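Supplied in structure tokens, the structure appears directly below.
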Amino acid sequence: MARSVTTRQKVIATIAAWTVGLIIFFPILYTIITSFKTEPEAIAGFSLIPSGTFENYITVQTQRDYIKPFMNSVVLSVGSTILALIIAVPGAWAMAFSPTKRTKDILMWMLSTKMMPAVAVLVPIYLMFRDFGLLDSRIGLTIMLTLINLPIVIWMLYTYFREIPGEILEASRMDGAGLWQEIVYVLTPMAVPGIASTMLLNIILAWNESFWSIRLTTVEAAPLTAFIASFSSPQGLFWAKLSAASTMAIAPILILGWFSQKQLVRGLTFGAVK
Amino acid sequence: MATQNTKTLARLMMAPSVLLLLVWMVVPLAMTLWFSFQNYNLLDPSNVGFAGTFNYEFFYTDPAFFQSIWNTLVLVLGVLFITVTGGIAIGLLLDQPMFGQGIVRILVISPFFVMPPVAALVWKNMIMHPGYGVFADIARFFGLQPIDWFAQYPLFSIIIIVAWQWLPFATLILLTALQSLDSEQKEAAEMDGANFFNRFIYLVMPHLARSITVVVLIQTIFLLGVYAEILVTTNGGPGYASTNIAFLIYRTALLGYDVGGASAGGIIAVILANIVAFFLMRAVGKNLDR
Amino acid sequence: MTLKTILLSACSAMMLAGVSAGGASAEALTIATVNNGDMVRMQSLSSEFTKANPDIQLNWVTLEENVLRERVTTDIATKGGQYDILTIGNYEVPIWAKQGWLLELNKLGDNYDANDLLPAIRGGLTVKDKLYAAPFYGESAMIMYRKDLLDKAGLKMPESPTWAFIGDAARKMTDRSAGINGICLRGKAGWGENMAFITALVNSYGGRWFDEKWAPQFDQPEWKDGLTFYANLMKDAGPSGASSNGFNENLTLFQQGKCGMWMDATVAASFVSDPKNSTVADKVGYAIFPSKEGVNNHGNWLWSWNLAVPASSKKADSAQKFISWATSKDYIKLVQSKEGWAAVPPGTRTSLYNNEEYKKAAAFATPTLAAMQAADITKPSVKPVPYTGGQFVAIPEFQAIGTNVGQLFSAVIAGQSTVDDALAQAQTATAREMKRAGYPKK
């Protein structure tokens, strides 16, 4: 009964895992395949082999420019993430290293700010944005995205920071390190994986946010979620075109996610676990 | 150990986020509270004034109100159940040695990167459509009558779609938790003759408790507000079978343009969410303190 | 390292985006429009307009219908001032015009010829003799049917079909083993989805939404008869999954030859007769929307998509210039020359229906005109009503009420509720909402 893995076990695990993985991935895969079909093909029944037309992508691009919403999505998601991190890192740090009796309550309260349904506050927020001249501005939407994701960012950072052993701090203090030295040389290296994975997670959340990003923008600040809204449910079924537009909208973040997958996992391993 | 000095510093460091979130909570909450006591319909600006508690009465006497609370709970619990059990199962599977582990992991987490409206459209049109969807094609292949998902099982269909979106999040966190489980501990348990089932109950589950709590907490907050998927697929119907609180508020706010009513609905939703959070914290919160 | 790369790329992205935002000297009009085929065509042809008017620049905001409607309504009601030109339905125009939210269109130019607009359409856009929106395309509802299948059933479409005939024909045409459903109708919940059809149906049954005192009429026999007929017909001769079918789904079913008949918006005619997308293009016949024996009413379905200028726009003159271009006779000529007669936006101008070439090129032209002429939104029912509107009720509350009632009726089609239950619930829910909104209003 030694715990050595036989090839047979490995093959079984491989088959099982790939089956599950492919089932979960299937809707995305099928969307990508459909985007290379013609419209009649798209509704002609199940088929994994498209005729390989690029027509849909060309049509989508001529109907609606992709570059500007794409740039907006990048600016908004990255900008709001950086802003959120600047605000959240010190806060989470303080909560993790100088916890008080109320720290837990403060954290829960922060999360509870997300409980108000967005639809219910649309009109008040819209009025505020109008008065401040923030409608259809990147700055306005960046602030919005920062605020709605801030609680999650603080929460995640807090759980990471808390895993950093306190003894290291004490040891470095004994060595006479000042607070800033402590932060720069001891804590930062340990915190970076956690910050990086928080950052990635938040970019994903901001990229996919599709209530405010449509409601508060018109032309200048409209990101890819608005791009999608101009292809969903048109008159007539245009699934191939919709698939092409969908693929274009999710591809950048999907690719980022795939490449940074290890980073994401490493960060999560570091915190949130034990 | 902390000196007065570091305490002050800690307060200072927390100040920006606490203050910002305080403003971010108080201002919309105050505005919503204010509007919830007003007669204020966007399309009828002439009829504005104090409404007392009428908006609240009107919202909770809505014929769909109690069913929508029930649907909200079913939706949240259903998705939580699928994502947590599915996440553990997939996590255990992916924790085994295998070929191409990295690629499988990528496949499994991919749905997380898909924006919710796209996910809903893809599922509605290409997977669950009774005429052209993949499920219908599969059913016909076996000679069965295709299921009309959104008519026969509207809420369940929406649970599937939302669970598909959140499964990667749960899997990711639970998988990393599993991977951090000491392999020495696992081996020791195996030596002691514990079978898989016992190992799972006495070793793996306690280890996962905290991660499950995190998954449940964060997902619940997002799931309470789900409405876009409903709007795209069933429009809350048939009947009120797939109407949840968020959709009810949507109907009041963006079809009726009744700002007063929607604000009252928002306040009611916040109260309900806090009740859920209260029980949630009592049930799982202690896991966070370990 | 990864962190640094991301940060760097973020900074450069921000700078790039900052650069691209600057530099617009021409007057920029922001146009909100729906993503229907005719509007997408307008967008692609608009370069002709900017060529002729180099001092005007166009920014398009194209959104799906539901999102567009909530966006522009929120914006105009809060005076957000985000748009210069709005695409809105004839449902919104009179309501918004009365609120003073729309600008009167009085600078459309000398060649515009407003008298050429179809009277029924123009009437719906006029409040107190002032035109507040210009129609881009218009539609009524009619029957589209398969001539071959009707022949096979041994029937002939009468000049003016009755519901009894439709019910009989639909059941005879149904051949489920061959995948043919006698009839395809809307079933998906929504005030602009199933309720558009059901309201027109009940209109033709002699029913109405409200009596003169604004009391809901779901407890009246016309609703029960109409809804029972609809529910039974869908059960016997409708496609599976009907409770989630809207315009799009039925269009596709019909194009693929899976429907014997389909009653819906007249614009569908140009899609089902287009051999590129339709497998039954040469077999389609058209007839006027049915009526009930003894009731002279064909449903009164009338819809138009219109261009309007919000009162808050500071670029009203340029906006009117564009509206005039997009809804003019010349625009129709432009589309015809580029894409042929079938692509021309229908249902707005009398001159189009007097054009022999158009009538020859488009078999649906004459039936479309007949359907539109039969519709009168000022008298939707044979009984007196306090409202206007054919397949909708032109009051602000209707979107919410109609969707709520639509949900209840879709449950009947899905087999989860009975006609009686649904009607009773609809009556209570509607009465509640109307009381809340303060009806009857003085």
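First chain written, first letter: the chains are A, B and C, and each begins at residue 1.
The rule is simple: a contact is a pair of C-beta atoms (placed from the backbone, for glycine too) under 8 Å apart; a residue touches a chain by one contact, two chains touch by 3 or more.
Values in this document were obtained by computation on a predicted structure and should not be read as measured data.
**Student:** In terms of CA centroid distance, which chain is the most far removed from chain B?
**Tutor:** The chain farthest from chain B, judged by C-alpha centres, is C.
**Student:** Could you let me know which interface, A-B or B-C, is made of more C-beta pairs in contact?
**Tutor:** A-B
**Student:** Hey, how far is the Cα centre of chain B from the one of chain C, in Å?
**Tutor:** Between these chains, centre-to-centre, one finds 35 Å.
**Student:** Cα centroid separation between chain A and chain B, in whole Å?
**Tutor:** Averaging C-alpha atoms per chain gives centres 15 Å apart.
**Student:** Which chain C residues sit where two or more other chains touch them?
**Tutor:** 66, 70, 74, 78, 249, 252
**Student:** Quick check on chain B: which residues sit in contact with 2+ other chains?
**Tutor:** 42, 131-132, 254
**Student:** Do you know which chain A residues sit against two or more other chains?
**Tutor:** Residues 43, 122-123, 229, 232-233, 237.
**Student:** Using the touch definition from the top, list the residues of chain B that touch chain A in their complex.
**Tutor:** 1-2, 6-7, 9-18, 20-21, 24-25, 27-29, 31-32, 35, 42, 90, 93-94, 96-119, 121-123, 125-127, 131-132, 134, 137-138, 164, 167-168, 172-173, 175-177, 179-180, 187, 190, 207, 210-211, 214, 217-218, 221-222, 224-225, 227-228, 232, 245-246, 249-250, 253-254, 259, 262-263, 265-267, 269-270, 273-274, 277, 281, 288-289
**Student:** Name, in rising order, each residue of chain A that touches chain B in their complex.
**Tutor:** It is residues 1, 3, 5, 9-11, 13-14, 16-18, 20-22, 24-28, 30-31, 34, 43, 45-46, 87-88, 90-95, 97-98, 104, 106, 108, 110-125, 128, 147, 150-152, 154-155, 159, 170, 179, 204, 207-208, 210-211, 224-225, 228-229, 232-233, 237, 239, 242-243, 246, 249-250, 253-254, 256-258, 261, 264-265, 268-269, 272-274 of chain A that touch chain B.
**Student:** Can you list the residues on chain C that touch chain B in the complex?
**Tutor:** 66, 70, 73-74, 77-78, 95, 99, 188-191, 193, 239-244, 249, 252-253, 396-397, 399-400, 403-404, 406-408, 410-411, 413-417, 422, 425, 428-429, 432-433, 436-438
**Student:** List the residues on chain C that touch chain A in their complex, please.
**Tutor:** Touching chain A from chain C are residues 2-3, 6-7, 9-10, 13-14, 16-17, 20-21, 30, 32, 35-37, 40, 43-44, 59-67, 70-71, 74-75, 78-83, 247-249, 251-252, 256, 267, 271, 277.
**Student:** So in the complex, the part of chain A that touches chain C is made up of which residues?
**Tutor:** Touching chain C from chain A are residues 39-40, 43, 62-64, 68, 71-72, 74-75, 78-79, 82, 122-123, 126-127, 130, 135-136, 138, 192, 195-196, 199, 214-215, 218-220, 222, 226, 229-237, 260, 263.
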